[in-house]
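These notes open a run of structures that come right after.
The same subunit A turns up in both complexes below, where it pairs with subunit B and then with subunit C.
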Partner chain A sequence: MTDTAPGLPRLGTTLFSLSLEQRKPGRDFASLVAEVAARDLGPGLEMVAFQSLRGWPRLDDAAVREVRGVIESSGLTPSCLAINNDLGLYPGRLLTDDESHEYVAVQVRGAAALGFPVARVGVETSPAILERLLPLAEELGVAVGVEIHAPLTIEAPPVAALKELFVRLDTPWLGFIPDMSSSMRAIPEAVYDAHRAAGISPELTAMTKQLWAEPGPTVAKFPELERRAAEAGASPAQVGNLRMLFTMHGKMEPERWADFFPHVVHVHGKFYGIVDGPDGLTDPSIDWPTVARVLVEQRYTGFISSEYEAHAYSDRYDAFDQVRAQHDMLKGLLEAQASVVAR
Partner chain B sequence: MFDKYIVCEEGFRTLDDGRTGGVVEVRMPYYRGLALSMVEAVDLVVDGRPVPAARTTFTVHGNTYRFDQLPRTTDDRWEMGERAQLAFETDEPLAAGEHDVAVAVRLRISYMPVPGGGRDAKRLTLAAQEI
Partner chain C sequence: MGPLDDQVVRADSLTATPDGLDIAVYSHWYRALPLPSLARVDLTVDGERIEPSSLSVTVNGQRHPFAALAEKGDEYWFTTDPVLLHVPVETAPGREHRVRLLLGLSIPYILTGPDRVPLVAPSLTDKTLTAAGA
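Moving on, here comes the complex of A and B:
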């Protein structure tokens, strides 16, 4: 296994990176996990429960044994299980707090049964629900982490409320899961593929990318985006696609991830494409040297799950190869940072 | 990128229960499985003619539902990648050969700012009938 030096963040993969691979005929859970291991994309293994585990969250003992067996025989280490709080389960209303708590609690128990040390939820799981989950998390030894994903940034009110909760409770069993979608430096090139398929001209995509990159909060630029897109003749559906770029790609300074510590239980190494440039492997849309520096300075020794998401825009790239490239890049950056920080 | 996988190229066939109509197999346009109560609609258009939801049924792993049953079906799920059978009745028998099949799926995903789902259209060839 490619492992980083002791005392550094550890690498890993979430099977979400392989969402398109999972659609291929003949591909099953066991073969996917085995291939992640064979390609040396561990040691950490994350998965989305509602994606990878049929029948979740009601797995019988035989199913639990089977999943554990697949992971154990791969030699990978369970890092995080992504679970969901489907507040919109019933038409016309959201889950009550009691229902939401129960919906998540069942899944935290499931994560423990499968041997995962962390369960990931989103910000739709409120601070009140998280506080109610704490005794269970503690009892099971499963940390519940809230993913901070675009469009959220450190300034977002729900993030401030979570920070206040985590500081007040000061427990290792609740915390943040930073996702690099919140701190990007450019909109990824892969969107051109998706936009072409949706009939959006490259000029319109380029205009959106440029407007995104201009200073100022993204939300303040929606009216300008809509005005310019309408002038260029974009349909309402196409404007929706352009707006999605502002929602899915956040512009927080990557240095700000330091403010989430020490309450970080896991990290999502979200990325949209690594390129082999003149200076070696680089990521045009995420500033990994800065992210690596923050994680090493904060003495983070948990997992960074490589989360390749350009499959949402394009099927032109091989997700396995992309994760491989990101691992090679990250290992180099983390080990280089370690020597700088140690000085 | 999931939209183009919604309508399955294989498995398009006529109903085998004596009624006129057919079955088209469809996949979830989302990265994970969802409870059937969150599947708001699977609209079907065959050869340019919309098929009313009341004339369709939805089958996942052997369990068949009418669309008016889905909103309260919270304990069964359309899994990611699973081929669900969308059966539909027509007035006239489907002719052998090619048909244009368009499917639009609407999903209710609570944390997304816009309605989820997707649409796909393919020209499918009716599988040869077994006699």
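Moving on, here comes the complex of A and C:
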């Protein structure tokens, strides 16, 4: 496996990147893992348990053995298992705190059984539930990380509450999982494909991209977006698609990821496309040179899971090739930063 | 919105059976969802609206009345499996049907608004397809 130099963040892939690949005839879990390894897209391996593992969250011993066997024979290293706290499981009510705790605890035990050192939850998992999970996390040796995904930023009240919790408990078994969707510099080009299919004109998509890029908090721009979209004749469903761009792509300055340290247990290398430009491989939507600098300066040595998500918008690009390009770009950036930071 | 929308109802999704039309429906969401997430099935076949209460649904080999899915929070619809909608309309092998389906999946971990209501992710299909024999 290609690895970064010692003392640097390590690379890896989440199978979520291969969401469209998973649907192709003849594909199964074992073949996806094997191909990630064969294409040298490790060493870290992450997956969404509910996406990849049939029978989750109740895997019997034989299923656990089978999954472990697939991972071990690939040579990849389990990095993080994304689990879910399905608070809205039943119509008309949310799970109680006891139900939510049990729902997540079962999955943290599952992550441990499969050999994952980190389990990812979303911000819907409250500080109180996280604190209740701490003894289990400690006992199992599985860190529980809360993913910070767009539209969340360091300033969002739930994030501040988490920061306070992590500072107070001061434990390696609870922390953040930064996801670069929160700190983007442009809405990705791939969105044009999805909008075209949804009957949204390229002009309307371009207007939304431009409005997003203007200074000021995104949340304050929703009325302006809706006004301009309605003037252009967009249907309510189309306005919903345009609003989604504001929700899925955050504009926090990437330098702010430093404020999440030292409570970072894993990193999602979210991206929507790498291009080979005049300056080599670059990501038009995410400022990876700055992110790499922050991670190296913070002495982060955990995994960055490449998380290609343009498959939500377009099937035009090959996800394996995209992850390859991101790995090549990141390896170069991290190793270049290491020499700057060391000086 | 996205490439999976076109796969919700596929070219070979329709089957004529002795008690009606079976439609194989695939999820447009990336992960397995609990059965209550199959929240909204607005279906018309050949222009006729099908009441959800008249549907039954086969998931994981078990057939349920549509309304019973809301109670099945401990069962999951796996990412790559179809569910079968059993639709009480007359059909026969080789017959064409226009199927319009607005599928709304309730996403139980994405809570929206001050009331923390699960996001409903819609996918719209409008296709004319031929039913195969059972």
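Everything below uses one rule, namely that the second predicted complex is superposed on the first by the 343 of 343 C-alpha atoms of A that agree within 3 Å, B and C clash if a C-alpha of one lies under 4 Å from a C-alpha of the other, contacts with A are read in each partner's own complex, and residues count from 1 in each chain.
The criterion applied here is as follows: a residue touches a chain if its C-beta (ideal position, glycine included) is under 8 Å from a C-beta of that chain, and two chains touch if they have at least 3 such contacts.
What you see is a predicted model; the values in this text were computed from it and never measured.
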Room on subunit A for both subunit B and subunit C (clash or fit): clash
Partner chain(s) touched by A:315 [first = subunit B, second = subunit C, both, neither]: both
First, second, both or neither for A:336, with subunit B first and subunit C second: neither
Subunit B versus subunit C as contact partner of A:237, first or second or both or neither: second
Which of subunit B and subunit C A:34 touches, first, second, both or neither: neither
First, second, both or neither for A:88, with subunit B first and subunit C second: both
First (subunit B), second (subunit C), both or neither touched by A:154: neither
Doubly contacted subunit A residues - partners subunit C and subunit B: 16, 19-20, 22-23, 48, 50-51, 54, 56, 84, 86-91, 94, 122, 124, 194, 244, 311-315
For the subunit A and subunit C complex, residues of the former touching the latter: 16, 19-20, 22-23, 48, 50-52, 54, 56, 84-91, 94, 122, 124, 194-195, 197-198, 237, 241, 244, 311-315
In the complex, subunit A residues that touch subunit B: 16, 19-20, 22-23, 48, 50-51, 54, 56, 84, 86-91, 94, 122-124, 194, 240, 244, 247, 311-315
Complex contacts: residues of subunit C adjacent to subunit A: 1-5, 7, 26, 30-34, 36, 39, 70, 73, 76, 78-80, 106-111, 116-118, 122, 124
Touch list for subunit B against partner subunit A, complex: 1, 5, 27, 31-35, 37-38, 40, 71, 74, 77, 79-81, 108-111, 113-114
